[in-house]
Amino acid sequence: MIIVMKLGVEQSQVQETIDRIKELGFNTHLSQGQNRTIIGIVGDVSSIDESEVERLRATPYIEEVVRVSKPYKLVSRDFNKEDTVIKVNGIEIGGKKIVVMAGPCSVENKDQILNIAREVKKSGATLLRGGAFKPRTSPKDFQGLGEEGLKFLLEAKEETGLPIVTEVMDTRDVELVSEYADILQVGTRNMQNYALLKELGKIDKPVLLKRGMWATLKEFLGAAEYILAGGNQNVMLCERGIRTFSDFTRNTLDLSIVPVLKAESHLPVIVDPSHGTGRRDIVKPMALAAIACGADGLTVEAHTNPQKAISDADQTISTADLHSLMGEIKYISRMFGRDI
Amino acid sequence: MIIVMKLGVEQSQVQETIDRIKELGFNTHLSQGQNRTIIGIVGDVSSIDESEVERLRATPYIEEVVRVSKPYKLVSRDFNKEDTVIKVNGIEIGGKKIVVMAGPCSVENKDQILNIAREVKKSGATLLRGGAFKPRTSPKDFQGLGEEGLKFLLEAKEETGLPIVTEVMDTRDVELVSEYADILQVGTRNMQNYALLKELGKIDKPVLLKRGMWATLKEFLGAAEYILAGGNQNVMLCERGIRTFSDFTRNTLDLSIVPVLKAESHLPVIVDPSHGTGRRDIVKPMALAAIACGADGLTVEAHTNPQKAISDADQTISTADLHSLMGEIKYISRMFGRDI
Amino acid sequence: MIIVMKLGVEQSQVQETIDRIKELGFNTHLSQGQNRTIIGIVGDVSSIDESEVERLRATPYIEEVVRVSKPYKLVSRDFNKEDTVIKVNGIEIGGKKIVVMAGPCSVENKDQILNIAREVKKSGATLLRGGAFKPRTSPKDFQGLGEEGLKFLLEAKEETGLPIVTEVMDTRDVELVSEYADILQVGTRNMQNYALLKELGKIDKPVLLKRGMWATLKEFLGAAEYILAGGNQNVMLCERGIRTFSDFTRNTLDLSIVPVLKAESHLPVIVDPSHGTGRRDIVKPMALAAIACGADGLTVEAHTNPQKAISDADQTISTADLHSLMGEIKYISRMFGRDI
Amino acid sequence: MIIVMKLGVEQSQVQETIDRIKELGFNTHLSQGQNRTIIGIVGDVSSIDESEVERLRATPYIEEVVRVSKPYKLVSRDFNKEDTVIKVNGIEIGGKKIVVMAGPCSVENKDQILNIAREVKKSGATLLRGGAFKPRTSPKDFQGLGEEGLKFLLEAKEETGLPIVTEVMDTRDVELVSEYADILQVGTRNMQNYALLKELGKIDKPVLLKRGMWATLKEFLGAAEYILAGGNQNVMLCERGIRTFSDFTRNTLDLSIVPVLKAESHLPVIVDPSHGTGRRDIVKPMALAAIACGADGLTVEAHTNPQKAISDADQTISTADLHSLMGEIKYISRMFGRDI
């Protein structure tokens, strides 16, 4: 970390700054040039609280504080050079194979989820997704079946063998959802629900962490860091579209984060072209583009009858389309030395 | 609600659509023009689930679904013509007087909060704000003092008489925080933490709901609707800046939402120029602008020694500046027939 | 077009509205339901000025005006079902082959552009790009070589046979640039420089129109419509990143516009992963993703010595990397039934 | 400027960097700490081309380049401590008085502009605005009356004495528009039309520069710098709303830029609450807020019959409302020691 003092800084102010750094337990290296005085901080500053940096920045005689090292650590590629491969019921996520999580937005009833699960299985997709607890913009909208929905998912798993991905929204539900699900999903709206992230750090089930639609790269990795810091190393990062002015899609799918996440972090990267676009008609091209830029997997909303889907009908593809999509994913995966 | 059918729609498809609407319990009015077939839905459609609208939109032979009425109801000015005035320890929020909530970002220790509370009281501000549970981007940053912080706030209240505003982040903490706080704050990151909103609908303490930094007007009002639908009518709406490309401020303070919220809803509107800008040097002009466009109050970060503040040092004003700010707020309030 | 009247509208107001539509030369179809009165407009409303629609929307007794048809016409797939294939010196853009435009951000001197052109040619890329007139954020930054730069580009073309793509920024330069260039580029900052667009409508050279970093889909197509309306049908649409809050890339490359543009319009679609990301390290994955979601071509900044490039050094790949990129593009193109 | 080298940099690389800086004509100050090597650059680096900084950043062994000084100079408050006051026909802009520019979006015909001008005069507003050359999203929309419109504006000026503000869009029209107008406006879409900015640098008429809806603070000031660098010091900076995800307004009016522009630059700051919101119903509160946070003036769309306005009907207030707005502006101006 480097502190650039303002022009005309007084010696006493330089000393005061050096003293503040020493109080934090670090040594300094002073450089007084013709124009500028610069204080370098010696050692691993990743333990310095971000608020301490803010305080330094807010000091009137300090021009700028340059934090060269990253504010996250455990999720970082510097910390763990090897790709993290997460194992779920014999499936590897983040390894050679591309994983595809498919299923309806919401679990609606037993027949619906069983029928869809069978089609998902047939298509060659590797996991079953479906919501039992649903975040909905309006309180009068369908809120999900709750535990009953989890039971239906489990039945579908027992019949098809597909592991289950489902969302958890409340710290009080983490234990319950863990009993049923193979992967717990944190939705975009809860990416910085720190109480929930801390709770998920305590369990041993893998977590699919969706990027907040407002989140910078740093904030996204910071959220994952919460879960790893709690002791749970099995986190997948999921790009699902961000909020921008652009209005022909529901969100703007930010695929460029995929290669950057793969470089910055050792965690697997999943892309959600359904929420990321909100448009069924472009789910396939965006799914293929996601694989082409390096994603380890996809999560896709699919339904046997999309127009009757209880939620997200606009962006849900038919299970027939899922079959054809899986064929193309297989083909493009192999081009990149991977497979499904 | 109006359904516009695609050009060349078949009679059987029109009938199918009419049947779907009837299944929802509504009558229709059919209009077959030279070019277009339009189906009008008769009656109060506010009870129709948003997902039903999505399903209609996703139907291949439907061009567009126009929902003229609003998806929220209880928060709406149509539902309650009179301004909601929330009473907290004899203070009225949303009434004639402008309220100012001031205090540090975090409660750091007993002396700090007591000293600041005394200055807040002297300045003429009406409530004391301060965080005991802190949402922080990194897990290694200071997370707040928890219940101990709440106790310090209570001591400050007992000495100064200032009611307390503090954040709650976890459904499991709602009861605890309610015991100490006069107003419970929902932070921007939790605006769509529906489990938390539902829990806050069950209590009788007022709630300060901060706008999600990604939230549209409709989503913001939808989040408030969750609390009102649960039975708690005492909600304040707080604009605190949104995420945009603009980088000279931490967030972009969207003051234009103030007059629109006052027109659309009966709830009090508060503005946070500290988080809304992230810059101490422009807190004052933006605070005055907020009053000029109709805000009912402000929440401002103030500290006796901003450069030593544990968090948000960049945007915290000194209590000395708070004194001068209160003077200007008084002056501008009166211009608009209000006061402090 | 459909006009939804407000609840409680008076008969005289309905008649007034009908009269306004008739003045515009259209017939109406009136539908008076139990709740709502709706006026349908009969015929091809695409000739109605957008401002007329605004005026209707601003009328106090009108609730909403739904314009079902699109505000652009000539660029639309409805107007021309067949893909537009643009021919430039025997190269087809928008046909079976993927085109790659490569070269430096700026033409710096004769040797530089000749050396780079030779490498571009060897790599298998199909066109040479390079700026002679440069839009720069600061007036003291290098503004380009002007006509001398165009001459150097022409020499490079004569030696290598590569057609030239270069930017034009001023209506007064259109004639000059047309004498040298094979394709005239409109930069992102000039996407709604209507004077320039109109001038480009009058020439017969193809135009590469870059999306404004603030532009919606509708605005982008509206800008292209200006050129087509002037008589020049040879327009390529280029996605080059939009302005969002996300800060790990210079812009956010919005690849989802690629399949949507291909569906909405008959014009060829080009992607610029260099400006679209501002990061050399992810140009390759994003280039491949662009092809995977349906782009007809790419424009890529390449330099024999990127670190010495006069502009855009951050995002320029080496010509060595261009060679390897071309190999991968060839491979992925064939997967999609295309080629280079 | 400070260059932070990567960890483990070699001595030869440090020397190479020092040599590059010396080639640019600057001395360096080397600081080799325990962890980091830092190279400080001695002297006024504001003359260093931004592209040179980019090249340094793109160098593999350089971690970061910190440019402490600002990339713009002439527009900067550091360069000119005193507020620039622009005189137009005896009116001072940027002085004690708040100026209000009012009038229709477009000049439609002689009667329209004369009638509106009379009302503008009566209301106490100080300048007449109106478009003769109109930037329109679609080529079939009304493009303005051109020179005829300028003549009508001149007649309105002759009758009322109100100076004229009108937009120029094409370098070839600068001379013509200068003959009629007192202030030339650069629209948001042309903020980085550098050819136009350079042309405006050569004339002596004041320029009202609107912020690009995508422009950062730095880009906005950089655009103004172009005009000042050409020799024309009379530039006003106009905030008119930026592109964000928020959809209840046409643009998001970024009032927080007002106090920041006043601190960073000596140029007058104008706010446009009409385009900044796109909503007639909130023009007044946002106009007052603009004054409250320090704007030197406003530009407001007003029409004798807004519903018949040829363009921007949604956001145009009536001249009757303009009268009442002027009364409130007078009142709030005085509160801030100003007047109208």
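Each chain carries a letter (A, B, C and D) given by its place in the written order, and its residues are counted from 1.
The definition used in the following text is that a residue touches a chain if its C-beta (ideal position, glycine included) is under 8 Å from a C-beta of that chain, and two chains touch if they have at least 3 such contacts.
These figures come from a predicted structure and were not determined experimentally.
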item	value
Lowest number of touching-chain links that must be crossed from chain B to chain D	1
Pair exhibiting more inter-chain C-beta contacts, C-D or B-C	C-D
Identity of the chain that, by mean CA position, is farthest from chain D	A
Copy-to-copy rotation for chain A and chain D - C-alpha atoms, rounded to a multiple of 5°	180
Chain centre separation in whole Å, for chain C relative to chain B (CA means)	39
Separation of chain C from chain D, taking each centre as the mean of its C-alpha atoms, in whole Å	26
Sequence positions of chain D contacting 2 or more other chains	214, 218, 243-245, 247
Residue ranges of chain D touching chain C (in the complex, touch as defined)	47, 49-51, 54-55, 57-59, 71-72, 135-142, 169-173, 189-195, 198, 212-214, 218-219, 222, 225-226, 229-230, 243, 280, 306-314, 316
Sites on chain B touched by chain D in the complex	214, 216-218, 242-249, 252-260, 263, 276-277, 279, 281-282, 285-286, 288-294, 331-332, 335
Of all residues in chain A, those that touch chain D in their complex	2, 4, 27, 29, 31, 33-36, 38, 40, 42-43, 63-64, 66, 68, 243-245, 247
